[in-house]
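What follows is subunit A paired twice: with subunit B in the first complex and subunit C in the second.
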Partner chain A sequence: MALLEVKDLQTTFFTDDGAVRAVDGVSFSVEAGQVVGIVGESGCGKSVTMLSIMRLLSARHSATTGMASFDGEDLLSIPNKKMREIRGKQISKIFQDPMTSLNPVYRIGVQIVEALRLHDKAISRVAAFDRAEQMLAAVGIPSPRERLRSYPHELSGGMRQRVMIAMALINDPKVLIADEPTTALDVTTQAQILELIRKLRNEFSSAVVFITHDLGVVAELCDEVVVMYAGKVVESAPVDEIFENPQHPYTWGLLGSLPGRNLGNDRLYSVPGSPPSLLDPPTGCRFMARCAHAMSICETEPPLEILDHSEHAVACHLDPGFRTTQAIAFRSIANRVQEPR
Partner chain B sequence: MSGDVILKVSNLAKHFPVTRGAIFRREVGRLRAVDGVSFEIREGETLGLVGESGCGKSTLAKCVVRLLEPTSGSIIFQGQDISKLKGRALREMRRNLMMIFQDPISSLDPRMRVNQIISEPLDIYNYGTAAVKRARVHELLELVGLRSEHFNRFPHEFSGGQRQRIGIARALALDPKMIVCDEPVSALDVSVQAQVLNLLADLQAEFGLTYLFIAHDLDVVRRVSTNVQVMYLGDVVERGTRDELYDSPRHPYSAALLSARPEADPRAARTKTRILLEGDVPSPLDPPSACRFRTRCPRAQELCSQVTPELSGSPETVALGEGHEWACHFPVAQWPLATPEDIRLANSSKLGR
Partner chain C sequence: MIRYTIRRLLWGASVILAVTLAVFVLFGPVLQWKSNVEPARIYAGKNAQPEQIERVSKILGLDKPFYEQYGIMIRRLVLGPNQADKERMCPNSTEAECDELIGHLGQSFEKRRSVDKLIFSRLGVTFSLALVGAFIWISISIPVGVLSALRPRSIFDRITVVFILIGQSLPVYYFGLVALYFLAYTNKIFPPGGYMAFQWSEPWPWLSHLLLPGFTLALQFTALYARLVRGGMLDALGEDYVRTARAKGAGETRTVFKHAFRNALLPIVTLFGLDIGLLFGGAILTEATFGLQGIGSLSVDAAYRFDVPTTSGVVLFSAICIVVANIVVDLLLAVVDPRIRLD
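Take a look at the complex of A and B:
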């Protein structure tokens, strides 16, 4: 059974302009030792999905329905007290921006130890600081003992992100949720952090949910990929399938707009237009307005996610045969481009 | 496609003094943001500038458009040294040298309407009557792919990609010869990024623009550039044509950057050899002696801490008249690497080029 299984998750925000369904029927599952990538443009609901699962959204301004089962328990229906025991202990999260997620007025040692002592009341202060030091060393921070006494502003962006990772990992979580942890970093630092996450997956067989908009990072790290668009999952498949046999027109657009993958083309393919407003989403397929292959059925019927034999699910009305020929054409372009190198 | 040299930068340096004390201000240190950089760009070309944050690429860009005054060195733009220009002469020069900024949110005044933003340069340079300026703004909106109905809107009503288009329209307003693009697409989603990159390429083809294109994304730079220059801690470590640099990087830093770039192909990513650099970029307040990269370089030797490597090519490339140059005593000989260990020197007693 999957470690974390999300079924038909719906999250609605109550705004002055009306209800916004930011996540609309998202399902996916994560096994132990697996890295699942959630990909999509800004505003597609990828971060909100994970915030809903961790119950970090305000109940006054939003409502979540559906199911998120973790180790046999539904995270969405357990009492708050129980949730607090799981959050930060069994499921923890690395936030996107290490600058604003760390408290600027506390030394980082205190902040790391807080995460530890919150869940383990028995541990002594000294032992907790020793553990924090080990963790900083494990994420590759030089002279960790001294660094425990540093304030966040004394560290570089990459170092701060490592501190965030150390904090998320100090309780040996079963599920680690990483929300764009490398977006603010340079390529060399990004490579270091990705290597670190890869190592954690292998050594501790933690499950990782990696939220990103960078398909390059997905290709490097993930085993499974979930592509989201306007609050819905449009395609999900193992990573090789997504890159070699993409089935949804939106995925074609995302892959076609990567500058590193389409060197031989004069122009980059770009998805025209912008995502629909979720205040008043289209009744049919949400991608229709930007899709080059839209048909009349797309306007009225929302496409259902169809799972084929190879664990490859796609939500699109297009004829599977046509989609496959498109995917093959797409692959041959990508191959032709890579040959001369 | 390439023409005459439009911009020639020689020995450009920008140091920021670090001072102590309010009344008796004294200099206690110097932040060497850009330290002796020389390069030239030909008309119609794009020079890509890559490097990690803090390597001085944005400072260099600001010096080139004279938003900062360089500490020393010269900047010859269209045959005129602009590094010391002031007042009216500086303003006249700027008409031909515009800039597109990184952050499309903070680079547009939230209280100005789109037409005011785009026509501001027209107002400053007395472009013509109100009607002429209006017509020009409409023309520019269409050119960058916005619609006439956007004329009276405020920046917050636009998406990130559209805001960047407004910034581009503003830079184009006076028909400049050259545009300095400082990370123009790094704040955008990939699909929007592709739209903006296509737009910049179209505009270059249509108006024969010259770009100095700064980015930290190596794939983006590869897409747009004719020539590429790699910076580290205020200094250029390698430069060459795009293909030279991407197909056979010689400086270990360029090699590390290229190998760290995520590969958008899962099979290639699994087999790829990565060079992981350790640690962070040292402080530009107190850069390492001689070669600045030596503290993180897997190939560093004694020599690297004593003799500063000069930017130059190998005898073969010089003989061929090629422009591929690197500043390293022990350049990388083969690319791609078979194993990460190959970046280390096989025979550490080897000296010189």
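Take a look at the complex of A and C:
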């Protein structure tokens, strides 16, 4: 059985304009030690999916149904106390913006040690700080002993993200959720942080759920890919399959809009249109309005949802034979993307 | 930190210097040129003869050019009255008597007493009132603000918002009088006014005289602070680092108080220092309503009677209180908020 298994997850936000189902029937699974990428454009529900699983959304403003089993326990139904024991210990998270994710009034060391001591009451202060120092060294922060006494504002964005990573990994969690950890950083720092995550992934045995909209990162880092669109999973497959045999028109659009393919062209390709409003989602396929291959059935019938993740799965009405011919056209892109950069 | 402290102190001293200049201009040249209330005429009395007024002008040093008067004022403010001052103001008194008659802030026209001593005699009332009031408004507004931020739009929160509105719009003199009527007049729970000095052996008489005025004074502050704490907590609870704390596995109490509250407190500390500084300069309405002889009523009386040295003395004293409170707050903030120390 998978380490983390999500089935038919639905998250609804109660807004002044009505209920918004930001995540609508998402299923996927993460095996121990695996790196799973969740890909999709802004607002497709990839961050909300993981926040729902960790129960970090306000219960007053949202509701989550479905199943998210971790190590045999349903995260959505266990008591709060049990959930707190899992958070930060078994499942930990790195957030998008390191500039705001650390508390400005506490020293780095205090914040890292807090993560440790919340779950290990027996550890002494001195031992905890020694451990925090080791972690800072492991994430490549120079003179870690001194840095423990720094405040967040004294560190750069890249350094702060390293601190966040150290904090997330200090309890050697089984699952690390990285929610666009490089989006707020500049390009050179991005590469360093990705390299660090890749390195640490081998040292710590954590499975990683990597939320991103960057297919290049997916190609470098992930084993499995889940493509999300407007709150639903549209395609999921092992990483090679996504690049060599993409099956969903939205995935084609994502691959087509990678910068590498357009060398020589003036304009970067983008998927036309914008995602549907989730206040009043379309009855049929949610991607229909932007799909170049839409048929009449797409308007009335939603495609079958992806429930089984054992192999390449896609939620689309298109004829499999047609999709395969289209997929061939993208192989060249895959080759280009997967070249070492 | 030491450089920061020194900079704050220098800044405070220059603000006070600027205030002395403003006070001097307003109560010296402006008063003499732009109104018919010449200080010397007030000092000399209603039926004074011109030669008497002239003599008073000499005694008060008002015959000297303005720059010299200002110089004397600053020298006296810093060093106290010198021999020449004493000879002019109290020629036939002993040293101890003379201390009663003139101080750093000069001599009151009305009471013929040192303004220092006058202010000092009122300090107990004013400080007690400010501290009791501050204790009341802090101990009500912070829990109320935090609780309503934790449950926004709940019934408790809505009731709080209504009370905040009422508290902010009720005038002190109205609330004070109604409280006096019901709690001191029809039901004799509290004394109807006045002040008893604090004694360690028996603090109740002191406190009982201050509870009604304290509550009255605290009313508007409670409303304001509750609103600020509520807003600050709502903001802080929405911050990313609060989510980080939860993601680490921190419990709700720890998240709210250790992570959110400390950040929400920063603007409150600033405001509290300023308000306390302001109140040490006297709470005029509350003192008037409850017949408290504090610095507020001193300044009102002095202003009515054109007692120039007392009025300017109280203004200077209030300014010094605010500047000192500001410096204390700045130093305190630097301790609470590490981001401040660097710049």
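Keep this in mind: the second predicted complex is superposed on the first by the 319 of 341 C-alpha atoms of A that agree within 3 Å, B and C clash if a C-alpha of one lies under 4 Å from a C-alpha of the other, contacts with A are read in each partner's own complex, and residues count from 1 in each chain.
The working rule: a residue touches a chain if its C-beta (ideal position, glycine included) is under 8 Å from a C-beta of that chain, and two chains touch if they have at least 3 such contacts.
What you see is a predicted model, and the numbers here were worked out from it, not measured in a lab.
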| field | Fit or clash - subunit C, subunit B, common subunit A | value | fit
| task | Scan A:S206 for contacts with subunit B and subunit C and give back first, second, both or neither. | result | neither
| In the superposed arrangement, does A:G157 touch subunit B (first), subunit C (second), both or neither? | first
| request: Give one of first, second, both or neither to describe whether A:T11 is in contact with subunit B, with subunit C, with both, or with none. | output: neither
| message | By the touch definition at the top of the document, which applies to A:H119: first (subunit B), second (subunit C), both, or neither? | response | second
| note | Of the two partners subunit B and subunit C, more of subunit A gets touched by chain B
| task | Identify the partner contact of A:T64: answer first if only subunit B is touched, second if only subunit C is, both if each is, neither if none is. | result | neither
| query | For A:S274, is the partner it touches subunit B (first), subunit C (second), both, or none of the two (neither)? | reply | first
| message | For A:S42, using the defined touch cut-off, is the partner it touches subunit B, subunit C, both, or neither? Pick first, second, both or neither. | response | first
| message | For A:V239 in the superposed arrangement: first (subunit B), second (subunit C), both or neither? | response | first
| query | Touching A:S52 in the superposition: subunit B (first), subunit C (second), both, neither? | reply | neither
| message | In the superposition on the shared chain, how near does any CA atom of subunit B get to one of subunit C? Answer in angstrom. | response | 9
| query | Mind pulling up the subunit B residues that touch subunit A in the complex? | reply | 52-53, 159-161, 189-195, 197-198, 201, 216-220, 222-223, 247, 256-257, 259-269, 274, 276-277, 279-280
| What does subunit A use to touch subunit C in their complex? | 54, 56, 84-89, 92-93, 95, 97, 100-105, 107, 114-115, 118-119, 151, 153-154, 164, 167
| Complex interface listing, subunit A residues touching subunit B | 41-42, 142, 156-159, 186-192, 194-195, 213-217, 219-220, 239-240, 243, 253-261, 263, 267-271, 274, 334, 338, 341
| Quick one: in the complex, what on subunit C touches subunit A? | 239-241, 243-251, 259, 262-263, 266, 336-339, 342
